[in-house]
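Each of the next two complexes has chain A plus one more chain, namely chain B in the first and chain C in the second.
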Partner chain A sequence: MRPNRYPDNAWAAILLAVPFGGLVIFYLWPLLRTVLLSFSEGTAFTGYTITGFENWRQLFENGDDVWRALLNTLVYAAIVLLGVPIAMVIAALLHQRGLGGRSFYRTLYFVPVVTMPVAVAMVWRYIYNGDFGLLNEVLDAVGGPTRAWVADPDTALYAVAVVGIWMALGTNLIILAAGLESVPPSLEEAAMLDGAGPVRRFFSVTVPLLTPSIFLVSVLSVIGSLQMFDLLFIMLGRTNPALADSRTIVYLFYEEAFVRNDRPLGAVIALVTLVVTLAVTAVQFRLQRRWVTYA
Partner chain B sequence: MKSTKILLALAATAAVLTLAACGDNGASAGGSGGDGGDGEEVNLTFATFSPDQEPAIRQILDVYEEQNPGVTVEIQIIPWTDYWSTLQTSTAGGTGPDVAWMLGAKIGAYIDGGVLLPLDDAFEASGLDIENYPEQLVDLFVDDGTTYALPKDFDTIGLWYNKALFDEAGLPYPTPDWTWDDVITNAKALTKPDGSVYGIGAPMDPQATYYNTIYQAGGEVISEDGTTSGYDSPEAIEGIKFWTDLINVHHVSPTLESFADTESVAQFMSGRLAMLTTGSFYAIRFANDEYSSQNFDVTELPAGAQEATIINGIGNVALASTEHPEEAAELAVFLSGEEASRISSETGTVIGSYAGTEQAFVDAFPQFNLQAFLDQAENGVVLPVSRNTDAWASREGEFLTPAWTGEQTVEEAAAGLAAAMNEALAQE
Partner chain C sequence: MRERLRSRHLVTHVLLMAGALLMVSPFVWQFLTSLKTLGESTRIPPTVLPSSPEWGNYSAFFDVVPVGSMAVNSVLALVLRVAGQLLVASLAAYVFARLRFRFRGPLLAGFLVVLMVPPQLFVIPQYEVIRAMGWLNSVQALALPGMFSAFGVFVLYQFMRTLPPELDEAARMDGANPLQIYLRIILPLCRPALAALTILTSLFSWNDLLWPLIVNTVPDRMTLPVGLATLQGAQGTDYPVLMAGSLLTILPMVLVFVLLQKQFIRGIAMSGIKA
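This part shows the complex of A and B:
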């Protein structure tokens, strides 16, 4: 028998090198460049030279815009997180035994996920329109308050967050539905024999077993929310009076880096976003020990 | 159990890291194929931000291709919102177009970066006469005696109005000798209490609204030497106040919120506004819309303390990263030449910049009095620019918004803007 020329871990190293190379080229290298850029001055044409801490100093001395945008982003992320319990309830309802047309409903909820965000944003823009919008028509008919939902600083961020929840519902639902499938029916049956009603079974059996999925969905939802840009960009537009109070951190990054062409300052904002995202995610991982059950 | 956690951690890490990759997108593949040797096929890419003008551009390029066998030009339309970031990133990355549209407000950074081809030789060879272009616009694109672009067109701002709404209110149409007081009086009579019709639109649009009135009031946006802001002068404040008063004092215009939801031109075209000050570049859009074509007409801007209208033009530049510098420079000149100018005017697309071709624009849509745009060109003030216009122009909206919504006085808003603008100008 021929001896194996390569030990197993050499093979592993070779095969892992491929994805690792991709990680280095597409993530770690740009990340390093972004860090260097944040300490530089220059323009896209003349190139950038490292000059020191000027951009970071600007952030801490004159960074009101950045902190405001960060706060807006965290508020947005917190609101969109409410989509997780909503998705859970819907997932549980769709999971009920004997429900007809289950795949039809799932498709229905998944449609926003496969629709272009730009198209979604355009349609919601019409719905929210203060003069001709569908929402105001309905509210007017029932005597509710009407306003320019996405042009009013008091409501714009929340109005966009509602769309964010709606768009994320499909993905959340699929992950939670898969989690529900893996809950062994025997446990539910055992609980039923012990006399637990449907609500009690849901909270005492299903939810604890579903916690790993809920955790994953929450983490992904928060990370996605912290990077929110497209909905705001399309739904608000550049001359919107609500922009100052609703701007997210990535939107600010876009303005600095690509409208005002200050790429180094953009790099600073991108890195702040990265640090905040890492911190928020780390907190979530720390807290999960208290509530996530791994069966 | 352990592996689930690791998987979760990996998924989260990947999602976090996508952030870092944000910076390097946007460079769309343009560039040119072929090696550019004699007799070989030359493919050039031409970038523009206007779908409205595409048919006229294609017509111009067809003429060019006919005159230059072996050269083909592909049009690349990049929407306005992405145009400048895409052009800058792709040019810096060496994958940009060969020829592209340029504005006076943007060209400074490109000249400083050394990414534009001088067009002097190609212009010399073309036999065109520089005297035939509007001088103020040519100056926008000349630096230190070198020409980097030639204006292909120009536009001025006029007072568009909806005849049907004037008829309904029993009012005579606006005339060239109107003042802003006439606008206010008529706008009040045209505004319907139920909010279905407003007398005029007062969007926060520098080129179409407040820049014009600032210069009419005798103020300026930027000092002549381009080093200080003019926003805190009483004249500039008066020029801005005219528009904010239309909304907050006279109530004859929809609010800024309303314009954020539905842009002013769309409101005008749906018959909600009786008047709107905007550019000659909208003539083609109004002519192609049945309602607008039948009901709209245009006259000169009303006067303030003096007459003024903002004049602006688009230039064509050749990018130094091109593989075919000779052809690219030639094309850039051709796109701003007499033939191109004539086609632009004849199709009613824009006012051709080359002397003698403007009349064709006026004749293109006889339903509108487009002569008004030419008549006021003599009072034209070139859209104010500095070396890095975006650094301050991008902050105008941010500072003026509270004045438009009535949360701040124009004086307060203008003072804040002037300070921020002076700070940006000091860095140039």
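This part shows the complex of A and C:
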């Protein structure tokens, strides 16, 4: 007799009922519903009716807000990406043989990862304050420029991005450190015997062997950055003069869908983020062939 | 040679220490400010130390917003979401990793698709579902969508696939059914992955802003992050109280992190996810 290819059909149905039911109610149906909403008009009170491409036409004809937010988000993601080389240097420093206090340093660098973004954003907003902020005081002491960092449209987004780097450093460090663990120490030693100094060894041995981890960290960093909401929401309050020029795409989504209650427009913005996220990730995977080497 | 090694490490220590100080300086400033008077916190140039510590800023935080109920909401939402997520995700992961059934591929694809889609695409309809059930401003509203997240399924699925298939085969020979194998054999072996998932889900739940901000809008139904945001909206310039409040809300997670450092770090490395 031929053995049954699917001996567990009944059990799979029973055990998957709740998980898959939840997936349908809270994820798969919402996905479809968001797509439908983007082609609809109406409000929560009147209900929504599908009317065609009007919302999408609006997006391309006068969706300046959305494009601006999209640009801001990409700029933010690009700046936060600069945190990856910083994390690489720290990971390499921490990795040196015989270095004491490794877990002590790791703890300190990791703390921002576990702290609530809302809470640390408040601290940074205070530090960035134009009148009595700590940053201006420090910069003033060394003769640097001072300004109202998060109330100035020219600097607000960058100021938030610095916090983004600070928050993500610990995560980047952990993943890169795990990658370094798998680099065989014999290669470093061989380079050392050949007379390569620490800087030379970092660029010629460590970085090339670490490219798969660097790639992973970069992809995750960008995906995370595209979701930025909390930091901006707190650091730039609703009345901030820099807000209009600094909104990210998720911030705009929240504002349109849940403050102005324009759900169809919210759905359009959400779909734009999906397209952009997929596109940016696809580009990263394509570029990967040029610089990532798998040993 | 020894001497050289030590001096090289000296430079490393100086660099690492300088970086570490930069990393923690915001927290130091937060703590110092939380003990200042309002006047001291806005003085130009800033004073470093408070003239006499104002511990009253901490109790003032409790007077401005219903911190007690917010903390309870945050904790209950976390417990419900973590418990639900562990159960739901381990069940689904077990079925996909260990059972042979029809439509396994398409069903698994359903979970993986969700994993790749940014969360905003679910938020509006999720809100409509919660409202339709009459659950706005409730603990279950906070926890429900997150309980079914595909992320947990994926983490546990990856882990369960690495367990040898002989485990199930031997148990089946002995007459165990799939539910028994899940409960008695697979789940106990998954303890490290379950611990990692618990930690990550707790972190997401405790720190999350967007979803709780949308579903729970009544002050004594809010979570701590939303409460803090409201506090800033109400008295955006009382920095000592804001610093005291924000310090109190980050303290639980930092303490848990210090105690469970290894598991935290393994969780992050295992899932490669941004917290």
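Some points to look at:
As a convention for this text, the second predicted complex is superposed on the first by the 263 of 295 C-alpha atoms of A that agree within 3 Å, B and C clash if a C-alpha of one lies under 4 Å from a C-alpha of the other, contacts with A are read in each partner's own complex, and residues count from 1 in each chain.
Here is the rule we go by: contacts are C-beta pairs under 8 Å (C-beta built on N, C-alpha and C of every residue); 3 or more make two chains touch, one makes a residue touch a chain.
Bear in mind the structure is a predicted one, so any value in this text is a computation, not a measurement.
Within the superposed three-chain model, A:A190 lies out of touch with both chain B and chain C [touch as defined at top]. Look at A:N240: by the touch rule set out above, it reaches chain B but stays clear of chain C.
Touch criterion met: A:R260 reaches chain B, while chain C stays clear of it.
Which of chain B and chain C touches more residues of chain A is settled by the count: it is C. Of the two partner chains, neither chain B nor chain C is touched by A:L71. Using the contact criterion defined above for the overlaid structures, shared-chain residue A:V283 touches neither chain B nor chain C, since it reaches no partner.
Contact with chain B, but none with chain C, is seen for A:A151 once the two complexes are overlaid on the shared chain. In the superposition on chain A, no contact is made by A:L82 with either chain B or chain C. In the superposed model, A:P198 lies in contact with chain C only, and not with chain B.
Once the two complexes are laid over each other on the shared chain, residue contacts for A:I127 go to chain C alone; chain B is not touched. Counting contacts as defined above, chain A residues 23, 26-27, 30-31, 33-34, 37, 131-133, 216, 220, 223-224, 227, 237-238, 250, 253, 257-258, 263, 266-267, 270, 273-274, 277-278 meet chain B in one complex and chain C in the other.
Chain C meets chain A in the complex at residues 5, 8-9, 12-13, 15-16, 19-20, 23-24, 26-27, 29-30, 33, 41-46, 88-89, 91-92, 94-95, 99-102, 104, 107, 110-111, 113-114, 116-129, 144-145, 147-148, 150, 153, 177-179, 182, 203, 206-207, 209-210, 213-214, 224-225, 228-229, 232-233, 236, 239, 242-243, 246-247, 249-250, 253-254, 256-258, 261, 264-265, 268-269, 272-275. Residues of chain B that touch chain A in their complex: 1, 4-5, 8-9, 11-12, 15-24, 26, 84-85, 88-89, 91-92, 109-110, 112-115, 203-205, 254-262, 388, 390-391, 394, 397-398, 401, 404-405. Taken together, the chain A residues at the contact with chain B in this complex read 23, 26-27, 30-31, 33-34, 37, 43-46, 125, 128-133, 148, 150-152, 212, 215-216, 219-220, 223-224, 227, 236-244, 250, 253, 255, 257-263, 266-267, 270, 273-274, 277-278, 281, 285, 294-295. Per the touch definition, chain A reaches chain C in the complex via residues 5-9, 11-16, 18-20, 22-23, 25-31, 33-34, 37, 90, 93-94, 96, 98-101, 103, 105-120, 122-124, 126-127, 131-134, 137, 166, 168-169, 171, 174-175, 178, 198, 216, 220-221, 223-224, 226-227, 229-230, 233-234, 237-238, 250, 253-254, 257-258, 263, 266-267, 269-271, 273-274, 277-278.
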